[in-house]
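We just call them A, B, C, D, E and F in the order they show up, numbering each chain from 1.
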Amino acid sequence: MIGRSGIAVRNVVRADPASVVELQKYGVATIHEAMGRIGLLAPYIRPIYPGAKVCGTAVTIFAHPGDNWMLHVAAEMLRPGDVAVLGTSSDSTDGMFGDLLATSFRARGALGLVIDAGCRDAGELREMGFPVWSKSVHAKGTVKATVGSVNTPIICAGALVHPGDVVVADDDGVVIVPKATAPRVAAAAGQREAKETATRRRLAAGELGLDVYGMREPLAKAGLEYFADEAALDPESRR
Amino acid sequence: MIGRSGIAVRNVVRADPASVVELQKYGVATIHEAMGRIGLLAPYIRPIYPGAKVCGTAVTIFAHPGDNWMLHVAAEMLRPGDVAVLGTSSDSTDGMFGDLLATSFRARGALGLVIDAGCRDAGELREMGFPVWSKSVHAKGTVKATVGSVNTPIICAGALVHPGDVVVADDDGVVIVPKATAPRVAAAAGQREAKETATRRRLAAGELGLDVYGMREPLAKAGLEYFADEAALDPESRR
Amino acid sequence: MIGRSGIAVRNVVRADPASVVELQKYGVATIHEAMGRIGLLAPYIRPIYPGAKVCGTAVTIFAHPGDNWMLHVAAEMLRPGDVAVLGTSSDSTDGMFGDLLATSFRARGALGLVIDAGCRDAGELREMGFPVWSKSVHAKGTVKATVGSVNTPIICAGALVHPGDVVVADDDGVVIVPKATAPRVAAAAGQREAKETATRRRLAAGELGLDVYGMREPLAKAGLEYFADEAALDPESRR
Amino acid sequence: MIGRSGIAVRNVVRADPASVVELQKYGVATIHEAMGRIGLLAPYIRPIYPGAKVCGTAVTIFAHPGDNWMLHVAAEMLRPGDVAVLGTSSDSTDGMFGDLLATSFRARGALGLVIDAGCRDAGELREMGFPVWSKSVHAKGTVKATVGSVNTPIICAGALVHPGDVVVADDDGVVIVPKATAPRVAAAAGQREAKETATRRRLAAGELGLDVYGMREPLAKAGLEYFADEAALDPESRR
Amino acid sequence: MIGRSGIAVRNVVRADPASVVELQKYGVATIHEAMGRIGLLAPYIRPIYPGAKVCGTAVTIFAHPGDNWMLHVAAEMLRPGDVAVLGTSSDSTDGMFGDLLATSFRARGALGLVIDAGCRDAGELREMGFPVWSKSVHAKGTVKATVGSVNTPIICAGALVHPGDVVVADDDGVVIVPKATAPRVAAAAGQREAKETATRRRLAAGELGLDVYGMREPLAKAGLEYFADEAALDPESRR
Amino acid sequence: MIGRSGIAVRNVVRADPASVVELQKYGVATIHEAMGRIGLLAPYIRPIYPGAKVCGTAVTIFAHPGDNWMLHVAAEMLRPGDVAVLGTSSDSTDGMFGDLLATSFRARGALGLVIDAGCRDAGELREMGFPVWSKSVHAKGTVKATVGSVNTPIICAGALVHPGDVVVADDDGVVIVPKATAPRVAAAAGQREAKETATRRRLAAGELGLDVYGMREPLAKAGLEYFADEAALDPESRR
């Protein structure tokens, strides 16, 4: 049950490695489109420094606000190529994760963290190159008093995440690819990227999207009228 | 009428080029002061990367949330030196603009975009050096289903923007200079800048603003009292 | 009295210099922990550029929103090693501080500014290397019409600040160390740092926090149950 | 110019009284639809008590945050049937309006106030039955130090308001009808209301909107597929 | 798949009626506690008028912001005792639901609506007594252009909702009880309520929670120290 | 020290009863003005139902988010005429207070609660007539795991509160009157009220604030210009 505490699952089925390798090539926006425009975390989740990018398999953490105990429990479950993803039982901006945990996570082979709460030691994490996508950066420390869960389904920033799902994060935010659909999404992302590369070339050469995408007729049908200049408009529209 | 859909105006009167060249020299804060402290967009509009600066003429776009169709219509209206400015019919943080549209806008000679909604492909845009001032960065994709308008007056982040107005944007945000007042504002900004340069020199040399601006007497009149130290205060003020 | 206007105190007792020098070595998170997890400003106070760090003694400013007069009054009170800290009588995001005041503050020896309002000339301040921690970056200018106070106790972003307190600010935010406790806090921070350095080495070598901190037994007592895999969970927990 | 201070216009052209009387019959939502889905203030503007409704002509006020001087200037311009509408030069939640000003406004015949800032004496205003639509309720007092303008165009909560425009406000928020379009909008609102009354009757009788509006075919074309039950879905869709 | 569009499921398994009848007796807070402190929607979901309470089975709706087409599709799926619950593909405050849809929903036997977006006609809905829990009240109208889904799992305000789950909503917000656990939760809520009634009586008689719950010893162990008065505190603690 | 945990002070010096009785007569706005426009809590603190009013002496509580243990400790310190005021160590919207604690607080003679966090059982509290001013209403339950403090100075919603201070709360929010200044503030509030009553009478009779307060000359000096109508304005100002 989403939000149930007291459960730690040691082994989870992870998305197949080939799909993860393939998805690594694409950005969050492309993958989200390839999924049919779904799977994103809410826009308030932002990278703590620009230019970071990760693609890996989710170890999920359910924690209580102001309590980072479960991050230590999760460390043991992390394997090379994993990305930790943490949801909380209620809103918090406290700094639940810092450079010590990052050192431990890195030693376990983890690629990064997505956390629906705060992060601290932002300067050290930038220097280490350990990327975090968080709701806030704040020095506020936490306790280790209440148990949550590790590797159960969670809701993180409005998205449902199962352990083993693919997590892709870059400057545009975070997208979750359910493990079952990863191969299909990877293929669709590849096709989309190929198509976009061709389109990009035409647009760079000065062609208009109106022509590249054949939009002129649908726009007219949808009621768009062209006017030579402002004088051609009725007075009401000029205000 | 502000917010009316279905209108695309091909040719608009743009601010005179000499004023644009002149305004390019000054920052957003200086121009806003030179206008009598008006013309700014709301503070939630932020550059997607630091250090960007543009000064150009507005092509205005009115769009519906989650729908980026009108950005393609606007591409055709863009001329070298233009800055696209987009307002929406209701709140949205979706990523309505990305690297494909940026490629097209650049091919048309546009300098950048100001958007009261989200932007995506933030990493690619930073690499391209195509600056965007937006409300959010989010990968969320959009549809092309409902028409808005291009080159009609819009409200963007609380400011009224007419097509052809001057748009200046930097690390401090965005200011709109109505085209009719651009020459006057450019002149006033120049005078202000000259005065500030002189003041900066005096302050750097250790003079106090209190003396440079002659504030000591007005402060006393307004009721400011000086005390040698905390012990001189009555007990009530020490809490 | 907190929030009383019209008072400017020339000389204040500052935290002892040795403690300031000592505290300079530690980050905001470490100091906040060393104080018993208190003293932080709210998380909305953020540095205007990454990587800045200051540690100095507070000159406090109480100002009214949209009015930066008291910043000029404060300039005269600033001594080398001071950090200006500004609280307001009600919410504001206006740009009360810019490069002219920064030039003056620097000439006086100030290290930086913490402001519960907006800041402008962000690009120039970054180039000058004059760090500001603020609520917003906005070009909005201010008037000089109403007096506040300088060097009286203030509330800034939810924290009580007395003149002379130690202000430490970095990428993680801002912490205030009351001057009376500075020596004790500096000592505690040093001990904490030493302990963390040892722990960091063990974690980097692959040891788990669970073992380093001896958490396995308390976790079991708190009710955490381990499962080999998802199949071992009851159906309710799988949703 | 939007945002220019120092101007007080005594006489303005108001929307024709017949249109105002007609518009009074309809709610904000209906009028907004009749205008082509435009003209609303942002959703953060809320009535200070439920059940209030006004429809009148705008006396516009441009004020600086924390300064309610212009509300007194506006009082003199108010005529029976007017609604005061206030925009500010930057964000504020201070209580710029209370029961004394309400007493004065009522004595002048004003129907209510729309304010992009705070309001106070909320209990007294509820007892007086003087409705206010505001951004916040807060006791914070204001000064009378800086002039703004009265009866110039303003931007209030993202909407452009000219003096004399029709202001309609109820539990759903506030809509502005430009005076030139008031007769056309009143007519369209009447037609819309008539149509809705007929539709309401059919829906109350148990007919479905799908049939009343003929949506079944367009839904199928847009790709909606019906399934008898969850078992008929492919496994991917069940998560 | 969460967030997949184009699916409408006609028949869903609903929670057993006896559990719904039982859960109807308890408030949202009690049920949330009985579930182990989980299942709540985010705190920004608020009733549009005070005093409303519903308990019914969920018909889920997935919609795109600014598009209320799927609410009409959902109307056909509603049965007596249902509560419609709507999640969106990205943030929106538009008024997607008003008195016409409420008339239709009521005719179908629905008890109310929970919507992670805006609602309008708030006054009419209050008069009708048709309760809505929403993110905002705003008159902003919507289009009918893009299909979403009905009766697929959704995320609404941070909670996962399956069709047929029990939805309980009152002044404190909204809780979702998964249909499989409804009987167990109903029983636990009943036990909790009985215990609270006994406790309430003791507290009303002047007994302290410290004694009723036996907290004195654990508090001492956790480090709480009692002092007779402020004079007994060390100076540091008095600030 | 603000924010120090582990301290419970049994007896505190309360503001003198005569001042409390006197202050009870005035609203929050009046008292805030009488104090020199200071002492308010932030505007996000709102009453959970309209029309409530309390005036009493503060028992202060410092708690950790999601933990309501200290409210039980505080119950023992409450005396007839007290108002509990709770600040937290970091942001929270959890429902830390409900009808059981209200029953206990009332049995102790407490008048109400001001809480910089959430409150639940809002419907029951409204029926009991036990007023709460809070940041949110949310059913989210809390634990009893970490000690805070009772009757030490706290910061609540941006205001410093000492135990024994006077707390006045109504529809406009909450104001704190330091106990030492209570007699002076009560006297000033009385004078202000008397003056306002006289002014109200004049304004109700149709006199303008411009004349009652003698504002015409200062407005002219501050640069306000009157124009007979819009035609008299230069074209720039008409936009």
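Quick note on the criterion: contacts are C-beta pairs under 8 Å (C-beta built on N, C-alpha and C of every residue); 3 or more make two chains touch, one makes a residue touch a chain.
Just so you know, these numbers come straight off a predicted model, no measurement behind them.
Ranked by distance of CA centroids from chain D, the top chain is C. Residue-number overlap of contact pairs with D-F passes half for only one option from A-E, C-D or D-E: D-E.
For chain E, the chain whose average C-alpha position is most distant is B. At the interface between chain A and chain F, two copies of one sequence, more than half of the residue numbers in use are shared by both copies. Chain pairs A-C and B-E differ in how many C-beta pairs are in contact, and the one with more is A-C. Chain E and chain F have Cα centroids lying 29 Å from one another.
In this assembly, the C-alpha centroid of chain B lies 38 Å from the C-alpha centroid of chain F.
Listed for chain C are residues 1-2, 4-5, 37, 43, 89, 91, 93, 138, 140, 145-146, 160, 178, 181, 236, 239, each touching two or more other chains.
The touching residues of chain A, when paired with chain B in their complex, are 27-29, 32-33, 37, 40, 43, 46, 50-51, 53, 170-173, 175, 196, 199-200, 203-206, 208-210, 213, 215, 218-219, 222-230, 232-233, 236-239. Put simply, chain A touches chain E in their complex at residues 1-5, 36-39, 42-43, 89, 91, 153, 155, 158-160, 178, 181. Within the complex formed with chain A, the residues of chain F that make contact are 64-66, 89-94, 138, 140, 143, 145-146. Here chain A touches chain C in the complex through residues 1-2, 4-13, 49, 69, 72-73, 75-76, 93, 95, 98-101, 103-104, 106-108, 118, 120-124, 126, 136-141, 144-147, 151-153, 163, going by the rule given at the top.
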